[in-house]
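Both complexes shown next keep chain A, but they swap its partner, so chain B is in the first and chain C is in the second.
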Partner chain A sequence: MLIVRHLRKLNAPQRLQLNVDQTRRALSDANLQYDKDPQPLFTDAETQRLLQSMTQLQLEKVFRKRTVADNSTETKFMTTAQLEKEFLLTIEKAKKLLQMPPVVQIKPDTERVISKDPALKDFDDSKYVFTDISFGLRPSERKVVVRDVDGTLSYAPLETQKRMNQLYFPLDGRKSYTPRMFSDKELLQRCLDEHKYEFVLDRLTVQYEPYETEFHNISAKVFTHLNESKQFDLLRSTRHFGPMAFFYAWHRCIDDLLYDMIRRDYLYNAVQLIALSYKIHKVPVEYGQTLSQLEALQPTPAERALEELRSCLQKPSEKGIEKEIHAAIGKTEQDFTADELSLKFIEQYIGSEHALKKVQLELAVQTLKELNLEKLQLFKGLKKAHGVQAS
Partner chain B sequence: MLPLARGIYSTLTQITRNSRVSLHTASAQHCKAEPAAENETPAEDEEGENAKDSASDPKDRKTVIPVETSIRYLKSAAYKTTYGDEFVWTQYRRNHKGMFAPRKTRKTCIRQGKISTGNPCPICRDEYLVLDYRNTELLKQFISPYSGQVLSYSKTGLCQKSHLRLTVAVEQARDCGLITYDVPFREYDYSEYYGKKEDSKQ
Partner chain C sequence: MAKLWLMPFMMSNWRASAPQLAYYANAVRTPSAVVFTRNTSFFNKLPAEDIWRGVTAVSNAGKKRGRGKGTGKKVAKDLNRGQTIGLGKSNCIWPGLNAPIIRGNELTHQQKQSENLDREKSIISLRDSMSNFKLMKLNPIDRGWSGSKMPGRSIGPPDAVGEENFNLFDTRVLENKIVFIMKGNMGRKRRYSVLSVTGNKSGLAGFATAKAPEVRTALRKSKNRAGQKLISIDLYENRTVNHDFYTAFGKTKIFVFKKPEGHGLVCHRAIQTICKVIGIQDLYAKIEGSTNLQHIVKAFFIGLMRQKSYEDIANETKLHIVERQMAKNGFTEIKASPLQDLKISENDQIIDFMQFTLGNKIVLRKKKTPPYYVNTKGHYLFECKAEKFRNQSIVRLHKLVNSYT
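Right, the complex of A and B next:
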């Protein structure tokens, strides 16, 4: 008996801990919702710029070969001037393909009655739905009204409105029924376990409107799963990276993404992510100065992509020794100074109370620092060997 | 054609041999024999009994083979020896009179539970290839890597009935998210989501 009691005593704190764990898991488990309207913060010009820069623009990923019914290519002869124009158009097209899905609040469904006509009661044993099908109206502007069996005329609920829109003006890729992938939890879980994040999110954007509850639930589920599996690179340079980063910053769980960014040597993006989270939670840390300094040092993703496009035009002999050194090491002098600046900012963040996984982040920063030091030495050595004067 | 037929024949004989072992040996030996049998052939106890019939009549297709067996078969060594690294349909050739094949393939290869033709289509000739939405490895062999569509029966040589079952299975698999495809791009009109908010605030 004594032993049993003793055991129970021993077990008691463990059980408590279990409870704590469970609550924490419940928090991290899917239903992370935006507690207030995220739209003003998301559409803010600065936030948009940060998110776009974090998304990056990898042309190969944006313009990957799609398996669609018509994926024909066109081959043309062009002059250099025409090609230059085409490059600019390509960047514009890529930006369009990276358009972020809007992040808005869940729209409550309110019943709006137009008139109550008890005289029409039992005119039929089913409801009548009237839809304005005139051409060129936007889906949200289209008037859909319902005459109920008891004679009330009211605006249709959002679900009916969506169904009617889909019936008369179908959106490409949207199904009139809920795909089993979304209705069946096991199937969704299976998709996530196989890391088909982009596919799930693409389908989500087509199937649901951004203000629907399902959209919020499923995207939250995908993002939390992604945060655990840490395969952030799958979404980099897709349209879903911005909302994902925003989601993490809003729910104060940026550390894993930050770690990934540091490990992949995207320090500028890491600084932007920290700045974003400061901005969302109104932390009194001055980040504007560092950001503007870094911005002056580093090109935007669009500029970088344009540079990449143009570089294939140049002959190797024209490039010059500086470019060759840059190609060999992957960094320029500006990059090194930018790295120094951003590392300082990141370390400041890790030191503060906002960081949760301090040890991991510190280790990552340390290894990166050593790597950078080696690269810097190599860079200086190469420069000296080629007789390029330090500017 | 000949090596293929030989491959199928050898799998069938293996099935029958294994089933015989499992039927006639003592239980201790049976336990040892089973894992080996699982690796090599998709034969199970229930098919083992029927294997005798199919050995006597290789054209009999009355037994229903579960999808799980088919999925295991596609990973097995028996499948590898039969098809190698190629698709199920690459080695298949249609028989026809004259230079040009008829535009459509035959309606069905199996009539009244029996193969009714000398040159059954790639799906019908191998009874362990089951068209089902869960059998993604098999379905992927029939999807074009360029357009993402189901390949035509003029290319794969499937009979009309199998082709219909194939298209249904592929559509189901896409619905369940078991097969990924490129979702059409949706362009958002931001003013529809953001502009309205401002109106409601004012």
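Right, the complex of A and C next:
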């Protein structure tokens, strides 16, 4: 007995420590919920434009090869006019593929009683669910009511409603049970550790509605894990990049993403991210002017992608020397001007009290500046050598 | 002991019963009645070999008519194998026969020992193993189209010519048959004709037929000749043909279709073998008309050689060639562009790519005749009963995969 008591004493502090850790982790998870309705801010036109621009549109990533049942190919003849039309369609398709899942508040499940009929009490020993299965209704419009054993007729809870919808009008890919990936924490953790973020988020979007608690919890978990592993490039040019950036901006942890953007020379996106964060937290900094200036200098992702598609049609002889210089260096004169503007704005942010990882960010900015300077010199040298007039 | 050749159906107790017969013969010979016995018979006049041949072999005339193709497979059993003098059913010591007469200072006596039960069994199993006709053992990987027959089998790379060697090549036999010609002094002369194809699995291949009086020489000749007739073939992504095409030789017509990765070779076995040797992995081919093997091979090679590159087709038609990939969500990729654009009005219809490459030919798609029972009442009832289980296997699989423990 004595020994046992002794052992218990020894274990007690450890157990206490464990409890503390658990509560802390739970707290940190709980902290990353949207405290008020994010929907008005998210669906705002300006926010959407910022998020879409940050997502970018890399055609080879949007239309990358996937494992599908039908991997056939179709070869066709096309005239140049038809090709032009096809390019526009491709861009439209890409835009559709990059549509962001909405960020909305968790929908509370309230009980709505239609009528109480005590006369029907004990009519059976189980509940009856009635579903309106008329064709063409939206899942949210579809009426599902439940007659309880005690005779109460009420609207079905959200969970039942979803299940009935899935039963009569199955959504492709959605399961009527919770996939083990989402019910088993270990399995989800394994997916995250293997950096399968897009896969998890895609399946999450199919399985759950954006207003469900699980959707919020799991997406928060994925984004937190992603912020630690810093593999942001995996989600770039996918439909989940926007909600991710919005999530970081809302919870004031944009610095890692910002660092990644600066390191990859996506300065325009970095400015947009900072502007988004200012907008969400209503920081009194004037960002509109910088943004509009930059917007005038740089094409939108869709325009850039279209340009890329059209360049396939051009014959090598048609391309000018300026384009060749652009291809060699990767930047045009406009880009250099835009970079200057963006760097100014970013440095201003780093100097303010909002930035948390100042040293790291400053270092990244310095490195980029040096690189840019070298490129500018090379650009000027090349222009001079080819006799192109400097503007 | 004399060596006897006996038929397999004559059992081992033949020799054992011989002395017994003699014993009965002695007993029967009584002074009152004289029994005539004829001691010469068919069995003791001829040697065993002749008897055996008389039973199993076919006459020369019969052979010409194609009789007795399986002769020679059955071999007579040597019943003496596994037996030694002095050792028999009852395990006895016979002094002077299987043991020395004097051991040390003592005289050995006839003595019975414990019975050896395994002896009989081991002899029988030995005899069984003798009779079985052994098929040529072939590794499953080395097998051709059918059994141990030559067509479809690999016969290695062609022999080196000077310093040129065919290291990466592999040759496969496509046809191996006997052909006859009439000679002035020899009459009907038999030879073996072999058609084989050789290739390096990356677009270089050749085929040739050769005839020789021996199979082995014919194989070698055709292999080496194929190595001398190599043709370079354009492959798409190193795995399939450039485009669909139609090709014909004699009465053989072949429609060949380009297929996506992972489709495999869905075609006549000869075309399959040729594709493997060339390095084509994905293809569908439909043969219409005659399936004469030599014609198939020739038609397929002609078709491969007549393939055009995308640039050539684009310049010929003055149209862009694009490829839409379903695995890439329907993304269209430009494969080739013409040097000058085609001027067409709105109403002009541009031709279909497949129609162009197949040369306006259309594959004959025969309508499948439904089986006789489709319109019967029994089949209707069966379908009604089976309908509710149509999804069962999938549901079961899903349950198995997602079982909660």
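Here is the rule we go by: the second predicted complex is superposed on the first by the 359 of 391 C-alpha atoms of A that agree within 3 Å, B and C clash if a C-alpha of one lies under 4 Å from a C-alpha of the other, contacts with A are read in each partner's own complex, and residues count from 1 in each chain.
Please note the rule applied: contacts are C-beta pairs under 8 Å (C-beta built on N, C-alpha and C of every residue); 3 or more make two chains touch, one makes a residue touch a chain.
None of the values given here were measured: they were computed from a predicted structure.
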(message) I'd like to know which partner A:Leu171 touches here: chain B for first, chain C for second, both or neither.
(response) first
(message) Output check: A:Pro102 vs chain B and chain C. Expected answer is one of first, second, both, neither. What do you get?
(response) first
(request) Classify the contacts of A:Lys282 with the two partner chains as first (chain B alone), second (chain C alone), both, or neither. (result) neither
(message) Once the two complexes are aligned on chain A, which partner has more residues of chain A within touching range, chain B or chain C?
(response) B
(request) Could you look at A:Leu187 and tell me whether it touches chain B, chain C, both or neither (first, second, both, neither)? (result) first
(request) Considering only the touch criterion stated at the top, classify A:Thr90 as touching first (chain B), second (chain C), both, or neither. (result) second
(message) Going by the contact rule set out at the top, does A:Gln39 touch chain B (first), chain C (second), both, or neither?
(response) first
(message) According to the stated criteria, A:Tyr211 is in contact with first (chain B), second (chain C), both, or neither; which is it?
(response) first
(message) For A:Arg112 in the superposed arrangement: first (chain B), second (chain C), both or neither?
(response) neither
(message) Per the contact definition in the header, classify A:Lys76: touching chain B only (first), chain C only (second), both, or neither.
(response) second
(request) Share the list of chain A residues that count as touching for chain B in one structure and for chain C in the other. (result) 66-68, 70-71, 97, 175, 179-180
(message) Taking the touch rule as given, give the residues of chain B at its contact with chain A in the complex, in rising order.
(response) 144-149, 175-178, 180-190, 192-194, 196-197
(message) Quick check: in the complex, which residue numbers of chain A touch chain C?
(response) 59, 62-68, 70-80, 83, 86, 90, 93, 97, 175, 177, 179-180, 312-313, 315
(request) Quick one: which bits of chain A touch chain B in the complex? Just the residue numbers, please. (result) 37, 39, 43, 66-71, 96-97, 99, 101-102, 104, 138-140, 171-173, 175, 179-181, 184, 187-188, 190-191, 196, 199-200, 202-203, 205-206, 210-211
(request) Would you pull the chain C residues touching chain A in the complex into a rising list? (result) 243, 258, 260-262, 317, 319-332, 334-335, 337, 341-342, 344, 350-354, 356, 402, 404
